[in-house]
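So that you can tell them apart, the chains are marked A, B, C and D in the order they are listed, and the count of residues begins at 1 in each.
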Amino acid sequence: MRKKVLITGFDPFDKETVNPSWEAAKRLNGFETEEAIITAEQIPTVFRSALDTLRQAIQKHQPDIVICVGQAGGRMQITPERVAINLADARIPDNEGHQPIDEEISPDGPAAYWTRLPVKRMTAKMKEHGIPAAVSYTAGTFVCNYLFYGLMDHISRTSPHIRGGFIHIPYIPQQTIDKTAPSLSLDTIVRALRIAAVTAAQYDEDVKSPGGTLH
Amino acid sequence: MRKKVLITGFDPFDKETVNPSWEAAKRLNGFETEEAIITAEQIPTVFRSALDTLRQAIQKHQPDIVICVGQAGGRMQITPERVAINLADARIPDNEGHQPIDEEISPDGPAAYWTRLPVKRMTAKMKEHGIPAAVSYTAGTFVCNYLFYGLMDHISRTSPHIRGGFIHIPYIPQQTIDKTAPSLSLDTIVRALRIAAVTAAQYDEDVKSPGGTLH
Amino acid sequence: MRKKVLITGFDPFDKETVNPSWEAAKRLNGFETEEAIITAEQIPTVFRSALDTLRQAIQKHQPDIVICVGQAGGRMQITPERVAINLADARIPDNEGHQPIDEEISPDGPAAYWTRLPVKRMTAKMKEHGIPAAVSYTAGTFVCNYLFYGLMDHISRTSPHIRGGFIHIPYIPQQTIDKTAPSLSLDTIVRALRIAAVTAAQYDEDVKSPGGTLH
Amino acid sequence: MRKKVLITGFDPFDKETVNPSWEAAKRLNGFETEEAIITAEQIPTVFRSALDTLRQAIQKHQPDIVICVGQAGGRMQITPERVAINLADARIPDNEGHQPIDEEISPDGPAAYWTRLPVKRMTAKMKEHGIPAAVSYTAGTFVCNYLFYGLMDHISRTSPHIRGGFIHIPYIPQQTIDKTAPSLSLDTIVRALRIAAVTAAQYDEDVKSPGGTLH
């Protein structure tokens, strides 16, 4: 049976005028295959509001799968995240000026949640299609990790049938005009997220293949 | 009262002939100040044995503080780790040929442990002394994270008065002769670990200052 | 009057199965605007033959402008080259096994030639179109620099009305599946070279704006 | 017969409070072996004055060998430069506010000068001593390249018996506290320059071994 996939992207932050996560997510809104139908929603780069908005979107769309997407400026690959940690520690203020320091996201939640998405399969599938990808083991401690942890905490408490996860993506080329940083084109990112969504719809379980990072 | 600090380093792995973590740790063996006295032990880069060796060293030395140190080839800063995750996922075999894939380190342990060391203070102190340092939020999924998680699991179950943590360090220059990678001199690393040990001995609690990473 | 632009790309080298310079160049073959008409030719990654092939292509097409293009794996921007040096010093053998060491390309040629293309204008124009670009001051010492120097030496001796230059481009994404390296999509590279060709056709002279590198 | 080696370093620029080239050079002042005796002089990071100061130092010390040294922030190796180009193109103003754009350094000089130092030998010797090193083929277009070109132009016209060259060095650790950049310790840099000076004193000619860069 076809799975409903909710994909979210953030609004721009950290002096950027565009956020490739939302640019890519919105292009996938309404995309359908036999396995998956995608809906996209935008999330504010703001602690607390980010999670409120996500919960409302889940309430509204009743998805089988939730994939939150965020910009990881400086990375050169599409990086599905494996683990979310119970820590908000903001190096810069969010879009409303909040800057939590060493705060727990959920006071009675576990130290970390594992993604429920088949991140090794998704990564392998992207690479088969010529897209640079790697599993990541840290989503940072800013709003991206906050949303990822909050998503996993929410669905584990209220709707354990939903599978959730997070994907970090590089800058798009136009963002790197005045900095020296790697980028991937929006087309490549959109293709990567489409592959991720369909793979997540097709497979509940991940493949057991060597992976990991040395540090 | 003066604190006993156990510092561990690994033997060489991944085709290296030297491991800067052990080179640095052994130079600190016997170092004393008013606040701290350091003992060093070597740990094999082998899943399971690493932790057995560490437990024996803790049994033998009865330290107040344990700081495990490991090589993070490619990093350019001294990076105290904040979180250990319950996952062994080896990209390459360890020094005895074991290559666990997606295994839990402790089947009934939590998803993650936080360090008990004041990593922001340690980082700030290193920077005051002109040493590049940053808190890291991922220790990878190889033997370093395995030892870090295993240490925290062990002391939380058997000896919660011990405070433990992990520091990743860059290559030393001689390791980068035939690769293009950053390095720090052994002298700098030794100084950094000494500062870390003394700071950990002086302060139980960390300082609450902005930090974190965007991703 | 419309300018004839010859764009060349290389065949794959250094264990790659594709060379983005030729993939991009061949897509531009036959492209026309009011200012420029583009012809593409492939060049072997072989000392000597590379230059023979280029001279024949110039003879055949009688271009106004020649833009040679080569892969610079590891760069993250489109980088028009400013200077070619009279040195062949091969770190690896070329595609026919030649590995010249510290050889002059032209025994009675100057130590270096400046490009005749308006590289600052080209770079600025690419950036206006959202493409990461920067002027480069070294084309290396392998076949790319060899062809660039040989081109400039040839036209300065035989056909000074022709304006010539070289552009280095990054890997395309599919080349970075099994390495950690930045890339730009083929579409982005094709657009960049089209902008470069048209800009070179429109402007004989470069703009005088701040640029350069600190080292 | 023992060679007199003049080593120069620059004063700080680009918002830095220290320049590792001068910190290292001044530590070598007076250093003697059977082959070499080193004198150090400081050079201002200012177009024109840099060269005036260098010429006076040459006049005063009557060296056999001149090695100018400069900071290349972001590099991770000691990089003897092979070629100086006849171009001043400043991305930022120098320490007196001059910012030449696309200017020739010497209107009737050649497009480039080759170093007269045995840069491959020097690099190999540093690596034998465990120091990361590589020959570089671009000294940039700022005051470093200006001084290097000016040095070679001066001695080729007035004192061709003097052999000259340039070495770029990384940041030292203290400069990278608030940026993410590689560094080498001052001790390592001092050792590297000492090896460079002695090697240059011992060998007039370079070794013919594979080297070079692909781009």
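One rule holds for everything that comes next: a contact is a pair of C-beta atoms (placed from the backbone, for glycine too) under 8 Å apart; a residue touches a chain by one contact, two chains touch by 3 or more.
This one's a predicted model, so the numbers in the text were calculated from it and none came from an experiment.
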item	value
Chain whose Cα centroid lies at the greatest distance from that of chain A	D
Fraction-based call for chain B against chain A, same above half, different below	same
Centre-to-centre distance between chain C and chain B (centres being mean Cα positions), rounded to whole Å	47
Averaged-CA centre spacing for the pair chain B and chain A, given as whole angstrom	30
Distance between the centres, which are taken as Cα means, of chain C and chain A, whole angstrom	38
Every chain pair in contact, whichever chains are involved	A-B, A-C, B-D, C-D
Chain A to chain C touching residues, read off their complex	76-77, 127, 130-132, 134, 173-174, 176-177, 180-185, 187-188
Touching residues on chain B, where the partner in the complex is chain A	14, 70-75, 82-83, 85-92, 99, 101-102, 110-114, 137-142, 144, 168, 206, 208-215
